[in-house]
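Below are two complexes that have subunit A in common, paired first with subunit B and then with subunit C.
Presenting the complex of A and B:
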């Protein structure tokens, strides 16, 4: 098994898209539990920094969604308490909690997705379908750090010339505005130079042009694609024919455990745990290789 | 991977999306999934609307200079999103729409959402932000003549843009948190977001006062000097 980053970006994109839609469409407690557990683990395995801060944000979203449902929905038979003549029911609370977990798992999934889908991968996917937009995106991504550096240069220059003060709020704003003004002029002029340079190198010539990319479509990509599509079709068929349906109103029912549903749960677990397994396998292999290298060194 | 270099295929896409794909998404949502997932359906429709717009953009010839100017405005607005508390994103989108046309306004708004979310976090909200900011830019391009002559109208549009953005994003909030759209939580969401909405509106007006003329003059100059 190769690490997730090594697969073709289009396959990875489709995989995450289908996984997210399964979590959202199913509305089945078992599947949501599976996806919360696996996505939490995957988020921890894949995140580089700032996970703790994101979890604060996720917790707020979770609490808000869980509370929103019992406040606005008064279906259900088990009344817990009555607020302003509006019954707060156990079923509505449970449903709210489930929705909260669903959204939490989707948010975590998007987090893993955005660490894997770097901008070059997104460009690979969309740049072919929309070449001009792809170019716009690529140029913007390149210009953001360039402009940031230029902003610091202009600010330092103006400071040295004594034009920039930040002693009080008004001075700071004035200073920032004058930096912005210089930035705009520089950016536009610089952009014209870039555009002319592009034209000189043949951009816009009416012949099909190719672009370089690091990604290929290999046999393992085809394998993953087929597995993902087959299992998602199976589960989607189950959802569409109500085989995975779990009613919350008027009274909460247990999620179905028919043979079909059980197969769906197993398939879904397999799908959702894949990023984590790939990451663990990669780490173990790395440990093994570096351990072997260490042994070799000792022997010598 | 789908390659849309073919001119006729792109034209087909422009017909297919509004007349086949969007109704199909609505019908599938209504019958197969029994309206359970409004959020997902509206997400798909939003993406389709953006694709539709982009396929029109891809078809047309755009000079490389004009394109790079759009990129520069997008970068300015992406960097603007790093300003604490008040964000000049909508303002720069409006300026681009007024001086470079509605299409450029849409692109600046939509691309700002995509690019800045690489820094602020991508999520299912990205297409909705693209759509809201894009529309702000598109309409400012359509109203360009009036907005250039009347300052009062311009500031009113800035305030309206703030409210519009908040209201579109709140539709998304409700769709995402609830099963389907209903007015009660929507009004609750709008009321909770009111301070933020007012902040958007006020900061839009402030930024329009301080940025519209200076940046507009620079854009006019660039257009005249380099013949764009």
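Presenting the complex of A and C:
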């Protein structure tokens, strides 16, 4: 098993897309529980920094979605309390909590996804489908930081030259506007150089443009792709035929544990835990290799 | 085989301005041509006309043959691939966000297949030594790396003619000579024909086979580099930008000619050694100088009276001029200069030494908390009214030091004093009111208006932009002027003008602090110099001692004369 980011971006993209849609369409407490647990672990394993701050945000979203359902939906037979003649039911609360967890799991999944999907990977996926858009995106990604840096440079220079000298709001706005106008001139004038550089390298000649990328499609990509498609088809079939259905109204039922449903849960666990397993396997293998190398050194 | 032939090329811009007149020359395959000429002489126009996609608008007469075929008859595909073109500004030529994508860009345009692109991109990255930054985003590269990437992304198209329009004018000298070395290597190893125009010719001329000098759109001379340089040395406009060893040759041979005549009249005999070849590189210059000295010694031994001979001239040269660019000193005699300098030093009142315009005391600065220190324990003092120059390689912290002095970045510890007052005690914009001014490295950030003496700033040449920006900066009437790489893109003539202007300012009492890579310029202009390394000052002394003491960081002339004349 190779690290997740080494797979072809298209396969990773499809994998996350299917995983998220399964969690959303199944509306099955067992699958959502699996999803929340595995994605939590994966988010911890993959994120570099700022996870704690994100959790505050996730908690707020979770509380809001959980509360929204019982406030607006009054189905269910078990009335907990009555507010303004509106009954708050246990079923609605439970359904709200499940929706909250579902959103939480998708948010966590998206977090893992965004650490894996760097700009060049996204570009690869969209560049394939829309070559013109792909190039446009690549150029945007090139020029946004360039423009940002130039703006800061102009601001700094102009500050030393007496822009913002009156130190009040109007003067600041005036200053910002003249920086913006200088930026426009700069962009237009230097854009000519870029255009020259493009046409000097044959951009726009009457030949069909190809779209190159460094990513390959290997055997392991095909393997992962087949596993993902097969398991998802199996689970989607279960969803479509109501084999995973869990009713909340009028009274909440326990999620189904038929043989088909159990296989679905196992498959889903296998799918959802894959990022974590790949990461842990990578770390362990690396420890083992470097440890071995260390031992070998000691022996010698 | 003849690769390029230009016949009677005339060109006028659509506004009627005649840019080129009667240009005819031809180049063999694998030759390197250096195109030189003052600003506005039509260098760029000529180079652009050779690349069909970049031809400026206007009326063109004459024929350009590429590989024996007329330029007009080439297909779009051939025109794009046969001729490669690299321009000045490294940043703006890069189109995409990743190094590998940039390399592939041209090949994508001409519709090369995936596998073929992969092979060619990886091959070129290997050849140019780009593996370690192959996956990086183009924004994170240094200027030298960016220009190398531009060169590589042109070379990946496998052109037979490579045109370089001032490719290194925006680079520091080390990156510049690396790039030129790479170009020379391409020329030698793959037989690629190269045409390069540049303002600084110190390194380009020794590397090139042919030379073409332009003035006002006409060819002044074209031919073998050495002969052309010899011919150009008699033209004041061109002589200033020639390599230091060629200037030294002219100066010494001038003396030797007279001397020889005197000798022959005295002795009625004499060894007819003939004129030695004009030296172009530092190595050749050293050989020439050694031969010269031994020849003079052998002559002088047979001569009783020796007062004003070349021996004396050499000694005075060594004493007075080895640290100075010959060009700007041409008018003044060396002796005068030294006396003037000493007088200046003696004349400076002692008490003034305590009066500093700028003082750094153990300044530490970094941009990110986890990052490395850009400045560490940086300490130096700049006296009022002096021209102080800080030299150093890339990443030595030069630009950061001037930014800190201008209050744009703040150190996390240490003191910066401007005219005896802590920089933090200047409130609001007080620091910039007739006090401190900064000419940044990127002078285009100075222009807010669209009109400078009736012209748009971006229509000016790089050198003219530099001087225009200096005017704008000086309009704030600073007492302390900070200059970051002021000679970027300047040719020899404009550099001389800049030197004069800065000297005049210093006379008026303005303190000038310069950070630069340009040792020749620093030697010309500075009273004191400091060498910055890894964020600290490792040596600081008067310019003359500084450049005489340095082995690498010194002028070409000093490298030629080192150890030969004392």
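Operating definition for what follows: the second predicted complex is superposed on the first by the 282 of 300 C-alpha atoms of A that agree within 3 Å, B and C clash if a C-alpha of one lies under 4 Å from a C-alpha of the other, contacts with A are read in each partner's own complex, and residues count from 1 in each chain.
The rule we apply is simple: contacts are C-beta pairs under 8 Å (C-beta built on N, C-alpha and C of every residue); 3 or more make two chains touch, one makes a residue touch a chain.
Just so it is clear, the model here is predicted, and its values are computed rather than measured.
Student: After the alignment on subunit A, I want to confirm one thing: do subunit B and subunit C clash, or do they fit together?
Tutor: Taken together on subunit A, subunit C would fit alongside subunit B, as the superposition shows.
Student: Examine A:125 and indicate which partner it touches, taking first as subunit B and second as subunit C; both and neither are also allowed.
Tutor: first
Student: Going by the contact rule set out at the top, does A:262 touch subunit B (first), subunit C (second), both, or neither?
Tutor: After superposition on chain A, A:262 lies in contact with neither partner.
Student: May I ask you to decide whether A:154 touches subunit B, subunit C, both, or neither, giving the answer as first, second, both or neither?
Tutor: second
Student: For A:164, decide between first (touching subunit B), second (touching subunit C), both and neither.
Tutor: Only subunit C is touched by A:164; subunit B is not.
Student: Go through the superposed model and pick first if A:172 touches only subunit B, second if only subunit C, both, or neither.
Tutor: neither
Student: Touching A:86 in the superposition: subunit B (first), subunit C (second), both, neither?
Tutor: It touches nothing on subunit B or subunit C.
Student: Going by the contact rule set out at the top, does A:290 touch subunit B (first), subunit C (second), both, or neither?
Tutor: In the superposition, A:290 touches no partner, neither subunit B nor subunit C.
Student: Where does A:233 make contact in the superposed view: on subunit B (first), on subunit C (second), on both, or on neither?
Tutor: A:233: touches no partner chain.
Student: After lining up the shared chain so the two structures overlap, which partner does A:253 touch, if you call subunit B first and subunit C second: first, second, both or neither?
Tutor: neither
Student: Could you grab the smallest C-alpha gap between subunit B and subunit C in the overlay, to the nearest Å?
Tutor: 10 Å.
Student: Per the definitions at the top, what is the overlap between the subunit A residues touching subunit B and those touching subunit C?
Tutor: The answer is residues 119, 135, 139, 141, 181, 185, 189-191, 194, 196, 198-199, 203-204, 208 of subunit A.
Student: Contact residues on subunit A for subunit C in the complex?
Tutor: It is residues 119-120, 135, 138-139, 141-142, 145-146, 149-150, 153-154, 156-165, 167, 178-179, 181-182, 185-186, 189-191, 193-194, 196-212, 214 of subunit A that touch subunit C.
Student: Which part of subunit A faces subunit B closely enough to touch in the complex?
Tutor: 10, 20-21, 24-25, 27, 54, 64-65, 68-69, 72, 99, 103, 106-107, 110-111, 113-114, 119, 125, 128-133, 135-137, 139-141, 143-144, 147-148, 151, 177, 180-181, 183-185, 187-192, 194-196, 198-199, 203-204, 208, 239-240
Student: Using the touch rule from the top, collect the residues of subunit B that touch subunit A in their complex.
Tutor: Its residues touching subunit A are 1-5, 32-33, 36-37, 39-40, 54-55, 57-58, 62-65, 67-72, 74-76, 78-79, 107, 111, 114-115, 118, 121-124, 176-179, 182, 184-185, 188, 210-211, 214-215, 218-219, 222, 226.
Student: Sort out for me which residues of subunit C touch subunit A in the complex.
Tutor: 51, 53-54, 76-77, 80-81, 84-85, 87, 89, 91-98, 100-101, 104-114, 117-118, 121, 135, 137-139, 150, 153-154, 157, 403, 406-408, 428-429, 432-433, 436-438, 440, 442, 444-448, 450, 458, 472-473, 476
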